[in-house]
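The structure appears below as structure tokens.
Note that the chains are named A, B, C, D, E, F, G and H in the order they appear, and that numbering of residues resets to 1 at the start of each chain.
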């Protein structure tokens, strides 16, 4: 942790007081802004900066948090940020890049480095699943991964999947988002040898139960190589995918 | 109803008393044996004899009912009859034919006529689903239908389905039994043009929830042409299939 | 597939380049418009054109998809299209026919042929169930079937059912939509010999649970000949009914 | 409370000591036998003696309780007493009358008086529902009511109901026990003017969910005049019926 | 049925044609207005006029139905009619009497006769339960019963219940509405000898689950004499209460 | 109860009539304002004044109740009072103190006495949990307790918890609010020796099910010393914490 | 930690080798016996020795663990130990004290010290709840607390509760176990000022759902001062009660 | 596929007839033994031999399948094989190796090759979770992976986890099995950088709901890098882990 060594050295040299040194060292770890304690050291510790889950936070809380992160020059990823809220706060965050499909705002305060850990395929079943697929794709790109999108490839017209399956096979890990009966991950897992991360989506008629049916179906699949994240959790899928890319021992 | 006309004529001629006539007419409709009122006229009215659902009945009740039906020369189909119970009562019902796989006892008191309404395919996903598939198949055969079985054709090794799909296509209606994530009916429905009746089966790990996941998944399928019956209800599936065979206007 | 043969012949004769031939052949199967991959060959393959499930799609996505289908001269059926959305986009789709009761927009780009596969009865229990019943009825008519409607025939005043039951008996298949305790399909199935497709509707007081009680009740019915589709899925019921009409071997 | 007055008078006269008087007065209200505190005064207070719910109690606890009640000359009704347990303890309770169908043991330590509050009809759908219906019937008889039983009158063969409906109409209150989709109470309520108490029974295939489907269906019925008790709670239904008989102001 | 005899006599005398007679007889039973078939003969048959459940119906459907009932001079009770909808349609139904608390509109086209069947107590636990309690009270009054209200008498401050319990005891039947843990009906049932009808209400914190907890708790109560109707179904509770008043054989 | 003695003495002296005395004594216990019966004597009896749960009450009902409590000079705590409703009624309750974070309005009509029963720590996992934590904290302060807040101390960045854990250890009881998987209470309970009250919060992705997952997880924790209140019930947590402070026998 | 200091001193003096010292220090914290890692230092750290939850462990595993704890002279409490298993292993653990009602085996390897933190009342509703109440009571006694038992005090005969309520009021904390609708904790909490810990029990008819109804009801109670532990978790209730006794600041 | 080329060459040379060639080629893909169609070519296609899920199969079916696989010299892994069943069939499968802890029988008909794809850590929370952890570990070893076990490392005594965490960090992927509140995977994921596969286990008190609470908790975790498989599905976790090892691009 280079920054802390600098502080200690400056303190030793008498450039900064002990009180200032303590405050500056604290700043390496967290920043307390009253309603929120920002984990400023997370990227250094884990390789991934803290993410802000906007759902359930007020506009003011979101702006406070993002502004504080900007001051610290931390890379910002804010998920589940509704378009209407973004429009209200966008003038305060002019450097932000917003994806309406993904509901994600990113601010690249430090240059994002490309990761060498292979490529991530993001496949979704239907047009209604794009928002979740994009949450995964934008997050993975923000983490420095190469992402390839394959949308509206659901099993109702399975030739739409077959025309892209060879490209999906090239990926090191596959994220599949699907609603209704959630059969896509199992079918994909039968056609590729990479691990498949299944993301249930809350689309479909009554007994789809806002994604519960897809969730249970994915957990119960007889296909091999599928693991599951929470309903609609494209962000979490991207995190798992990123770890897989960085961790495996190679084909 | 030929039988009732005979009674009335005999009564008119004075061959039987009024009291006897009333009793004999009653017998055309039901037979009251205390704990159970057997619907003796059902086959005449609906084309299908009454079925006895053995689950939840005592051995004595089952024997009483079947004996009464034998006395009336009604064709007997008793479902959900466990092997151990059958062994205890089989000596009392020597004419019965028992299928252990299906858990069904049938007694052909009147010759079953072959129905001309086409053929029924019964497809199941795995070895664990055979009991439900057999309940459907044996019932449909008892109703006079031609049945073709395609077992262990689940999607985990989908070439096992493809090697028989052309024969499945020849059927007028397809019954598919599957547990786990219940994806088979949707896949079959995408490959045939006949109506597909889905039967959820209670096999699979924890979150299969004894067939609930398969049930919800089948109800939520994005494939077309699938309708669903209760978990494990092979008997009900056969009834629907039989009605479809007898009712449609032809290809 | 007549169209593809023409392309091949024109290519052989040198009328079109290889590159154009590939593009034109691709067009026979699907049309990729970015967020959606339209299955343009479905009607040719299955006898039924692709349907657009509007719930969860943005206005722009819906218009894009329908416009692309119009360009391909595919017959259009768009379900779950809310009245307010339809009003916003209707000027862009002047040829569309909208049923507010069914929430369905249809565009007859090619003349719909009448199917000879018998007649479909659509029965509903109460006024609140009409929207689901109409989704089934309009879909079945779009598929070329003769449809007869019997509305507000629920069992609370069962003489309302009895006054129409003879006409219902004439149908080859019966679709019944009902909410609350969902008893109508079982009662109808006891009075007709055709297969009965039950559609649960999300009407009723608290413990109706938005159609779940009706769904469970229909699945558990002791009546014979009933199969079930998803809550509110009138569209799916029509698909099953159409397959039944086209598939059976005759009465 | 006649007995207490006697104690007080005897105490006043000096026939019994104060300590004995306190103990004897206590005995009018409860009897503490360690694991259980028997409510000995309930019949005096409410008109109904305490009932013993045997499920979950050990054989020893049951015998202790019943013996203590016998000593107090309280009328005993013990419900949910399994046949095997009864056989083990019957020699200790020779005066008991056991109904295996109802799972109820009664001991008439005081002569049960006939109640004038009208008659209770107990109707059940199928043979599997008899155990619950009998729990209701035996309880109501123990409370002094006239009970009429109508068994196996379910709606699958509705003429079995119609042949007895006129007799059911004569009752002041109707208890109906049914499993599967639980449609019987609603149908009965449409045919009689008395209040109908619905008892869900845990019979039926998978999605009957051990009576939950019947429970929800009964709660959601569009028929009027139906209220519901717990799954399998024939005992509770009899209690409600008894109160209705004793409470109403007359036809 | 006096009216029908008049028609037949007039037809016999030649005052009306056969076609008119058929139409007039039909009118005694139902009135078909397209989307709805009004059960015009219900009051004659059952003693209670048809009720209109407004939830899920459009404003136009509601007005159509009520206008048709007015034309037939049937007494009107329309439940679950939201205040905003009432305001839009009130000018078309000037004779209607609207209770905002109950969400009920009544029109007394024929003089309501007072019923002699005793008195109904309506008790509710808290202020939030008044809407459901009023649905029950207004309905029971519309049916001609004497109703006594006891509101905000929940068990959190049980002396509020005790100050009115003697008056509650005088009623022939008690309706109790309660949310949260739904304990009120059990407590009341322990203090009165009349039958208690429990209505779960959807008030309370998270795990109250919109009345499900109250529903399950009421079904599971160890108190005697309680039966349950659907969540929020004050209307149904009034129907059961009315039947009890009219049916019992007297105290 | 000093006040009642005064009334009795004044009555004895002839200063007030019997009728007035009765009314005044009644007023010590409750105040009936039509839709609500205010428990005016609760603070005297229990040490805690009645609280008003605003959710599900109309603006008018809330104002009526609070005004009546003001007239009686009772301390007021109104929970679940939405900001918009508060804004509409605030001019009528100028003495009220409103916390938007907690959704609580308090009016200190009598001076609140500080309780000596130790200190309460309120810990929450994330920014989204603050509303529930504040409901607990503001309530506990209104009851006279010293409260210390530790917010955004969730386990995702566990060093945020460790930097405050020593201060949390000083409290006599710890309230922990957390959503998602609800792991915070178990972790805190492993680090302190005080009892831990867990409050589930309805934040998180799909399968968090509005706090149900957190609730079940907290109930199932393998850590010792954790008990649980309803989802979002900060108010109830404060009540339990207050009882613990006042009741324990000391460290 | 006195023991570790001894080891270090002995090592310093050369009495034991470094290797032995490391092993002996490890032993202060845990003991690894292959399938289980016993937390040998827990009593020293937390004041409570490790408990063994026997459900789901094999007989061999249980014996291994208890024997290892005996060797370390740790006090043993093994919960959920079924009687049949205990009988098989009791000869190997002659020093153990087994409570069949509680399903608990304790071995007092070190003298249990009496805690001064006040007294714990354990109240249960019915005879069927005793097993859970005893699990709480035996655990609390093992932890050195004074425990008072009040059994079969449920609300069905509420005078049974009233005759003991004054003694319950003397306790510093009250544990209440109840099944069915779980109303007892709320009633008790309204009558005492101590904190009340509610333990749901899995007794009751169908819709009691093995304690889920009691659990939800307890969480939703409108009474104040109640917190809840897992279904049947008497052990956990005792842990919370013990912490409350030791932590509060005094009345 | 070397074997098929041999068949074709032999056929070309006339060494085998066409009929024999067809049969031999078929044998490369599947082996139909009546009740089961064995996917004999799976290892060749996917790198993993077919696994036999024994739950729900009869003893005879299991023996038939394993014998057929032996005849084909396929490596056998049979999961969920209960000890009692194994004992009955072990003499027929003398070459089998059975793990009672894992419930797995393996037969190494061909030498299993070690995979170079890194190492898999299997961590479990408590002794009760070992069966699931072993299912994962034995499966992964059968697939040729290096496996390291870390058992009884749950968070109740978190120093048991800390003493092994450095070794867990060395693995390329971590499988964590936990019951109760299922917090272990989230804690582990916060301490390692590899992907974490969470397996819910069905241990714990009532509201653990046989693993559902752990499942929901794991899906809802706020920690990053966790994906989930079905309850108790150690086998599926091993499959995902194997794919991760083989697929990633390297650290």
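FYI, a residue touches a chain if its C-beta (ideal position, glycine included) is under 8 Å from a C-beta of that chain, and two chains touch if they have at least 3 such contacts.
These numbers were taken from a predicted model, which means no experiment stands behind them.
Considering the contact criterion stated above, the chains in touch with chain B and with chain H alike are A.
A count of contacting C-beta pairs for F-H and for G-H identifies F-H as the more extensively joined pair. Between the Cα centres of chain B and chain D there is a gap of 38 Å. Rounded to whole angstrom units, the spacing between the C-alpha centres of chain C and chain F is 53.
Listed for chain G are residues 126, 156, 204-205, 207-208, 212, 215, 219-220, 230-231, 236, each touching two or more other chains. Counting only pairs that meet the touch rule, the chains in contact are A-B, A-C, A-F, A-H, B-C, B-D, B-H, C-D, C-E, D-E, D-G, E-F, E-G, F-G, F-H, G-H.
Contacts from chain C toward chain A in the complex involve residues 29-30, 35-37, 39, 42, 50, 53, 55-57, 61, 65, 200, 202, 210-212, 215, 230-233, 236.
By the touch criterion given at the top, residues 125-126, 154-156, 158, 180-183, 186-187, 190, 204-205, 207-209, 212-214, 216-224 of chain H touch chain F in their complex. If you check the complex, the residues on chain A that touch chain C are 126-128, 130, 151-153, 156-157, 159-160, 163, 203-208.
Against chain G, in their complex, chain F makes its touches with residues 46-48, 116-118, 172-173, 193-197, 215, 219-220, 224-231, 236-237, 239-240, 243-251.
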